[in-house]
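First chain written, first letter: the chains are A, B, C and D, and each begins at residue 1.
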């Protein structure tokens, strides 16, 4: 595998953060999750992202996640860490802490809570790059959470300047992803990484030139995503599509929990954690406070969908 | 004035955080700003809110703001502190720090970045109240930033339980504000504070039962807002309206900066700071990094509007 | 009453269109509704607006509504007619038909379905004014339906040119309404009418200079709105507020129908019609096809709220 | 080609409606446009859709478009007609007129202006199907204009009942399109047509099972889209991608017009018409009133992009 933190390819799941019933980081479960991923054939792991509930954790908890991950991965694949916070100063502090813990790359969004402008987003990443130094930094485009869409032209320009090493696109907009790929080609910026965060369109995204995927559902089934990646690489698009279709249906686990009782984030992350719990990978399916946890009945519903997808014997 | 941190009334401006050109907290300017407010007759001050750029500052900078303010106000009026962050754990840490610094009340939003649900918002405030202990906590309703509207029925229920002391409504929805007032009356929850954050409709909001206002524009012209409040209290609604109309026009300062160059937050907060700079209250008009600063020409435009409003001789 | 179609004041309810169980216009019920309004003291009626389900009706049905209304009102108050359609050509055809039927004024929105621009909205109203000729035309600002907010400066400019006689503001934004009032004063455009379509903030809107109200809830309780108007005019703001508070609570009828079964429009218009049905004014509470009708149980719930509001003996 | 109006495949462009400078339908230009399409190898044409400015035209103008098209196409390919209007009654009248004019299929959206609910959308299509009778009816999913997303499960159910023959998906959401394809397979509803209206992702959509495309840009370059379709069918995905990439860049014509002067619809449709004007297909590039027309300079800019795409010698 030619993956490096500078130019990512393949499957880099955004790891959930296993918690104890008391909402502490469960390092033993995290270690098992990492091994579940490495066994599945992932080419990197991404901690403290949206799926990692990074914005819920205290600095101490974040530190625990970083240290456990770096130690457990032990150089087998690159470790990326999210540095997602409201402002440049705060995201910069997370970057510094992640570097100190020994990660291979960092991932930052635009500022949020306050309304921003592309010129301000450019200033933001430029200063963060100075903090990151030699550590590659990826821009994370997630307008549903941040309220701003990262502009393709700006991203390519920041890539040209060596400020960002690439983009993780969780915008859900295939055309903007394709725009990035075409703009990268037009700029002859071959080393610039483009990853999709959309777990339901991976086969097609890879086929038009995206380098890899950061699939939340990959927590549960990393091997499935690796199979899609390998199939596309070997030219077997029909095989890739068949596997994507299986995972498309597996993604229905996020619709099991009752949205009248909890938010969309709790339902989706709760489903990933419930899946890992059912698989015996993590010890407790709870999501970060104040998220409402899934009921036993909802967890049983998720178990059925895992069975249907062939993940339980 | 019968105001207390437990039951606020009157004008409680959300103070901007004066910064040096190097983006440090300018404590001398902050002290002058506080005196500008006290001279203007405010009944409280609110630091580290949205106008205070609380989400941009580091914990150390926040600490400086808290200490300077508590010391400078010196008990003359209640000091409120924002504890605005993405999750319960983080907002709780801010509450603990603010209490330690000696504030009289704290102000927290719903969690953000992750999508939430009313049940999760209830869990959030309930746990924060346990942290706040005897210090009154106000819920801050600002859906444009947080992505969720606080529900009137939930707020009144949390008031009934003693979890929140009141609401600061920056939703911009007069009907939701009125709903709160009517629901408070129906619940006979007289001690529950309702403040509006909408600086352009203060006269009418006070006339239908809102207790006071948290006006960003009050940074520049606290006396104007105090005049509206006093006029309504004395039954002079025509006088209140005339003053509100003057301040409505003064609010045009937020439209001076070129929105093609900067975000809406930078334009609005930059205008408040430019106004204070022109008035000689603060030494430097810069907004927090990565916000784009106003140009000299834009600051001159704001000066003209201050002149038109009678704030410069 | 000094109201005229050129300069409206007072209460001008947007009449619902009573339908038979077969979805024909029920002219007998419409006549009773008009008498219910005139008895209530309204200063005008507005047919074929949003509450009138104008966009649901065929041209023949619209014609029936226009003729019945003009005949039944018989000059006692001005009759306004909605000319709400996707484009200039179509709205123009509705204006021509309304004129021919003898209405006193017409009401048009910006174009919708296609995305528009202020310059295109200006072209739209300019051409419609040529169709309307001597008949006063009001601009109807309802961004929730049309997708565009009418800009205050443009409205005042169109008023100055004699193209629109005024604005009906159903934006729900008190500040934009106040902006209109201030801009009208700055332009010394005294004859320009400003009506609010927000039935829950009438007392305060009137107090800062709005001329009148077009309340959907006025279908059910026109006398209540007339009482608010008269109270404000006579300087009795406390009385106005008390009546507004009563009507605020009565407006809860729109929350009775189950939103899991039907859309928001069906629930609100269904509630107004159910209220009129319970009061014996109209013969059938059905809303236009394909709206889901309210159940008997839901209608009973609305009856209870009418009782609570003192509308049933 | 196995296309029929009942089960569409291939490229079915949504034809613009050529207008004279006086805003009449230019039937000679429309005839040339149809021949431009047939020469390009399209498998159907769709008139009076969003690109056809159907919501701008009077009933007489619509009739002219229908008759001209049916006559000019003369049975060589199926003719589809849009029946896009605010309510069931109005859309039904358009369907009846289109049938009388001899079209092969009709296309209808959910109701709009009023807020709707899935149950109401179901009632809407059910009644429209009764009007359409033997003529196949397609559901048109365009939430950006209509305000509601058509639900995959409902569409498949309506397909199962024979109410709709398929869906044209202009939601821009690849995952919802893929959901439709998977749900169709799960329901074994092979004859149900799924077309995408997203002209920038045609190669990938076809590769995962979509039947064809309704590309606005196909007005200008129908042969390009036919080439994508044929390439995918013959298994040449690289060739399909190369052609899609060329058309992706050609789509930049919609960004030439100054959005500070006109709306997004005017800029996009104006670009398609300007392209056809530059190619000599239509005689006048004007879009429907009140849209602002493109300037000569903007048309020249579009000419350059056509040259770059190899469409001019």
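In this section, a contact is a pair of C-beta atoms (placed from the backbone, for glycine too) under 8 Å apart; a residue touches a chain by one contact, two chains touch by 3 or more.
None of the values given here were measured: they were computed from a predicted structure.
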Chains touching both chain A and chain B, listed by label | none
Inter-chain centre distance, chain A versus chain D - centres from mean C-alpha coordinates, in Å = 36
How many Å are there between the centre of chain A and the centre of chain C, using C-alpha atoms for each centre?
-> 50
Given which chains touch which, is the overall layout a line, a ring, a star, complete, or other?
-> ring
Which part of chain D faces chain C closely enough to touch in the complex?
-> 50, 53, 55-58, 61, 84-90, 93, 111-117, 119-121, 123-124, 127, 145-147, 259, 261-266, 288-292
Name, in rising order, each residue of chain C that touches chain B in their complex.
-> 172-175, 178-179, 182, 198, 200-201, 203-204, 207-208, 237, 241, 245, 248-249
